[in-house]
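Okay, so chain A shows up in both of these, paired with chain B first and chain C after.
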Partner chain A sequence: MSTAPLVEVKHLTRVFDVSKPWLNRLIEGEGRIHVQAVTDVSFTVGAGETLALVGESGSGKSTVARMVVGLLPPTSGTVVIAGVDMWAPAEAAERQKLRRRLQMIFQDPYASLNPRWRVDRIIADPIRAFGLAADRAEIEHRVGELLALVGLDPSDGRKYPHEFSGGQRQRICIARALSSNPEFLVCDEPTSALDVSVQAQILNLMRDLQDRMGLAYLLISHNLAVVRHMATRIGVMYLGRLVEVASPAALFAEPRHPYTRMLIDALPDLAMSGRPRKPIEGEIPNPISPPGGCAFHPRCPLAFAPCSAQVPPLREHGARSVACHAVEAGRI
Partner chain B sequence: MSEPILSVRNLKVAFPGRRGTLVAVDDVSFDIAAGEVLGVVGESGAGKSLTGAAVIGLLEPPGRIVEGEVRLKGRRIDNLGGEEMRKVRGAHIGMVFQDPLTSLNPLYRVGDQLVETIRTHTSLSETAARERAIALLQEVGIQGARQRIGSYPHEFSGGMRQRVVLALALCAEPELLIADEPTTALDVSIQAQIIALLKRLCRERGTAVMLITHDMGVIAETADRVAVMYAGRIAEIGPVREVVQRPRHPYTKGLMGAIPTLAGTAPRLAQIAGTMPRLSAIPQGCAFHPRCQFAFDRCRMERPERMAAGASQAACWLLAETAPGSAA
Partner chain C sequence: MTTGPTRAPSGSPPPPPADPGARLRHEGAGDYLAAWRERLAAFLDSDLVYSFLRSKLAVAAAIVTVLVVGAAFLAPLIAPHDPYDLKSLELIDSDKPPAWEDGGEARFPLGTDDQGRDILSTILYGTRSSILIGICSVALALAIGVSLGLWAGYAGGRADSIIMRIADVQLTFPAILTALLIDGVALAIFKNYRMEGGRFWILVLSIGLSYWVQYARTVRGVTLVERNKDYVAAARLIGIGPLRIMFQHILPNVLNPVLVIATINLALAIITEATLSFLGVGLPPTEPSLGTMIQIGNKYLFSGSWWMVAFPGLTLALLALAVNLLGDWLRDALNPKLR
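Presenting the complex of A and B:
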């Protein structure tokens, strides 16, 4: 742990086949169609750290999350967690042990709890599955502990999910995720379905749990303010690639990549400082036929010749990494 | 500026049910002047969308207006019959909803939908209506409007669809535009474009806008005045700068503190304990009192009316305490 980070993702790539059924292809004379959802994404997450991935819809952030937890096989690239390769066939036994140390929280707390199970059974399920408790009394005790930990009453365990509000359900999801004593939580838009006041409760809870248990988070969000509040490092994604990785302070004080700049400029200004809001021109291109070179160049005010010819590599510039020809050429 | 475009007085919306009547909107009053954007903000279940639906006469039965009145340019519209109300809506009120696909018919070209709407509410000829449709599409920022007019809704992206819906809402030159979460389904970059567009159109045409959203950022960016709703009532209403920077109602204060900011380096967000009450169990007195850290006896017994607080108005007994005699 002293040297290797807890999670190491290297050159992760995922291609989806979105072709029509073969008969349609035959009749219409069309070939296969592929979407490059994630391209060459590499990052690390250390123990107790929060890495946040932000981006707009279609940027591939949720696909990364699903590959990291092992729900979706990557087309190429590796995910190594605590020294075990998530997708190497040889390490199946090791991986089984790894599952305990890694859990996921989803966006929709209404869809991620079994409506026919009582809450205590939902939370106890991972404990039973991994054989973490000796007998029923211990399981019951542990479930009570977990409910108290996430701010619910231990007696709530006898209720069904429909008896809870959205925020409380998300607390139940967190309790379930924590029941196997994980070290690493992947949170895919954990508060996007919640109202702001409830979002604040959940974000505070996630912070507290991190401080208390030294959890590492991979936080996926489209909300820059949430990410700013939670992350130790932020990765900005655009059309399947990481375009900038930096600390929140650095990223918001001085965004380097033109896309990051536009994203921050486009945010509603709650402080009402009178800062003019500059809408980003254009829209995210179709991932089926992305523009050549840097995918952002058609919308980029600083684009010059190399941008349309070559994909800029993610390079370190001081404490941050940026993938931009203009930054490399010293134009920004 | 003398007469407001929209004037809502003591609006009460109720849903009669087998187990008693649920009051979803209670004693809501506000005005919107020409060219003004009133933001209506609140969390789910606060009654903001129902207020909008009540204004345009589109409440889903069994919900209905049981008290109060809605006036459009001085004319009372809450007691109109279905057909009459349909005409008022068509000619004077435009609507934009969250999901642009629900407002567009997927089987018709957008041009035909625009032309049909224009011809229903004006006396333009087919050709003139088509020209007008193209002009509208250009106005909402759709490039190549002349070509795109023959496209179907599914051929547009989400942001472009919302622009089409906006054009559709503006067909009959309405005096009032009701926008219910118009940017919620969109990405931030697209959201900024739509908000800029909405602001520009409202300014240029002098349309009164009721902007319903849960996003305080959008409100701060767009609205002139804002009404904060809680459990079916307006908790606070005032100029947007005043409400955002100097909230008076404890709920508004909590709400503002709960929003993560970009500058914010505070390790914890302010949080309001508990959740909004269900409609079937709205507490006696001030509906917010069980979650309010400043609650005292009067809050538990009596329901506060809106009181002046600086440039705003807030429904909170604390204001009556600090300024004796100002209680309604």
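Presenting the complex of A and C:
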């Protein structure tokens, strides 16, 4: 085996067509309208690692997640997982093998479980789809094991999803995701629909499972506290681009990109150190007509001439990567 | 529950003579029984049964429906005469009034028609035909409508547009017109299908094709909502194909409204069958349905033989009303907003 990372995402781009129907365009004389949801995003996730993507609503985090798991075809760019290109027109069998190795945990545990299926059938679905068990007894046994693994009772399998609370449902989702023995889990805001008290339980369960099974996570979140607790590395996204990638320690101690600074300055200060807390200024621009150059420059306190002219590339600065003209020019 | 107990790869060696799978299969059967018993218990304990027992109207409608349907299907056992046995008919018995009127005979409790057929027996047999046609045509409409609705809703885009435009066009033709058209086409293709028992299926086809649109629209609407839910994404993620997603994952979630429409449509289908038979494109006078009986009786109404029309008409009205009331109750019971 090579030492290539488990997941390698290169130059991922996704454009959505949000035009009106053809007849409307013809009569109203409007052209097509495109939204650049994700632009040129590249990252890697190693085995057992957690990469967290953070950003405001509309920054393209979830779109990245959907492209990585294979739910949404990218406009351009590649997703390579364990050496297999997710979107290459490969053999169906090869792709099915790849699908077993990655799974997803969804944001809303009320919509991600089929309300008409019993929990044991929901969890057994991936086992059946990949033919991982020889007979009914083995499936039953495996489902019981998985339920116990996520802290539920094996007899809960006979119930329907509506008989569970939000946190318990998210545990069921985790059990379903683990049922195909994946190596890589994409978690799209796994705790944002849960009570604060339950969030910690789910996050601890996820960490625990990672330690035991060597899982790699791609964690999508808008909650910096969650990300700090979980991540090996953090990627900050703004308007479809990665603007800074760093370890949590480095990112929180010394954020480089002005947008990252803005986010971290806005965090509530629980230590009451007396640090002034700055509210976030401005709003994320409309992705249909993004500002030219660096997309952040209209909100950036450090913007100067090249910012509105050129898109800054993501460059390595020591152990981190930043996409900012001001950082390159040594202004921060 | 749907995949078999074993998933042997193709080309695997034949099972050893001891067949260790036999024990498993046996246990599987026991599990099935237990599962069904559990399901029945859960059903009897459900809100639906509770709301049914509390609604006197629904219980009354159910009793009437069960009585009429039961009598219709037991017709060969309980009918005093066999109206299909043309040899047994005596023209001298024709036009007899009900037993309690002057000139009535106890042999013919509800009187006889112009051929000397016992009205009661003919109603029993005719109701059976009407209900069978109703059920078959509802099943046909359901199959077409649900499949096309799922397809349109799940695939979206062009398939959706084409299917729904076809549905719109279908909706502009009244059911009777569709049925007459199909009858005419069938007549042109199979010259004397009307004599060969093909009428039953032509009726089913006509009525089924007239009523599928409602199912398709309802199912499409619900599917549009369901397909964007994450449980569908979770199924796509593990490579489950569109057909299995539509029929195994989404279909159970769209069944409630379909069930309501099917119940109400059953009454509508029975009435449509009667209308078609009344217009002369339904079942032949030798094997009359309720509609055929009303058509025959209609000719003798002004000569005072009211019983030929009144009793089949009453049966039809009673059956349609009871099934409709059941459908109304079901609609309210399954609608969470009305609870």
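Assume the second predicted complex is superposed on the first by the 328 of 332 C-alpha atoms of A that agree within 3 Å, B and C clash if a C-alpha of one lies under 4 Å from a C-alpha of the other, contacts with A are read in each partner's own complex, and residues count from 1 in each chain.
To be clear about the criterion, a contact is a pair of C-beta atoms (placed from the backbone, for glycine too) under 8 Å apart; a residue touches a chain by one contact, two chains touch by 3 or more.
Everything quoted here is computed from the prediction, not taken from an experiment.
Asker: Overlay done on chain A, so just call it for chain B and chain C: clash or fit.
Answerer: Here chain B and chain C can both sit on chain A without a clash.
Asker: Identify the partner contact of A:114: answer first if only chain B is touched, second if only chain C is, both if each is, neither if none is.
Answerer: second
Asker: Identify the partner contact of A:328: answer first if only chain B is touched, second if only chain C is, both if each is, neither if none is.
Answerer: So A:328 meets neither chain B nor chain C here.
Asker: Which angle, in steps of 10°, is spanned at chain A by chain B and chain C when each chain is reduced to its C-alpha centre?
Answerer: Between the chain B and chain C centres, as viewed from chain A, the angle is 80 degrees.
Asker: Of the two partner chains, chain B (first) and chain C (second), which one does A:195 touch, if any: first, second, both, or neither?
Answerer: So A:195 only meets chain B here.
Asker: Between chain B (first) and chain C (second), which does A:203 come into contact with in this model arrangement: first, second, both, or neither?
Answerer: Only chain B is touched by A:203; chain C is not.
Asker: I'd like to know which partner A:225 touches here: chain B for first, chain C for second, both or neither.
Answerer: first
Asker: Would you check which partner chain A:126 touches, where first means chain B only, second means chain C only, and both and neither mean what they say?
Answerer: Second partner only.
Asker: In the overlaid three-chain picture, which partner chain does A:94 touch, first (chain B) or second (chain C), both, or neither?
Answerer: It touches nothing on chain B or chain C.
Asker: For A:135, using the defined touch cut-off, is the partner it touches chain B, chain C, both, or neither? Pick first, second, both or neither.
Answerer: Second partner only, chain C.
Asker: Between chain B and chain C, what minimal C-alpha to C-alpha distance in angstrom results from the superposition?
Answerer: 13
Asker: If I apply the document's touch criterion, which positions on chain A are contacted by chain B in one structure and by chain C in the other?
Answerer: none
Asker: Write out the stretch or stretches of chain C touching chain A in their complex.
Answerer: By the definition above, chain C touches chain A via 1, 3, 5-7, 9, 21, 24, 27-28, 31, 229-231, 233-240, 249, 252-253.
Asker: Using the touch definition from the top, list the residues of chain B that touch chain A in their complex.
Answerer: So the residues of chain B touching chain A come out as 43-44, 157, 159-160, 187-193, 195-196, 214-218, 220-221, 240-241, 244-245, 254-255, 257-265, 267-272, 275-276.
Asker: Which stretch or stretches of chain A touch chain B in the complex?
Answerer: For chain A paired with chain B, touching residues are 56-57, 165, 167-168, 195-201, 203-204, 207, 222-226, 228-229, 249, 252, 262-264, 266-272, 277-280, 283-284.
Asker: Sort out for me which residues of chain A touch chain C in the complex.
Answerer: 69-71, 95-96, 99-100, 103-104, 106-108, 111-117, 121-122, 125-126, 128-131, 133-137, 173, 176, 180
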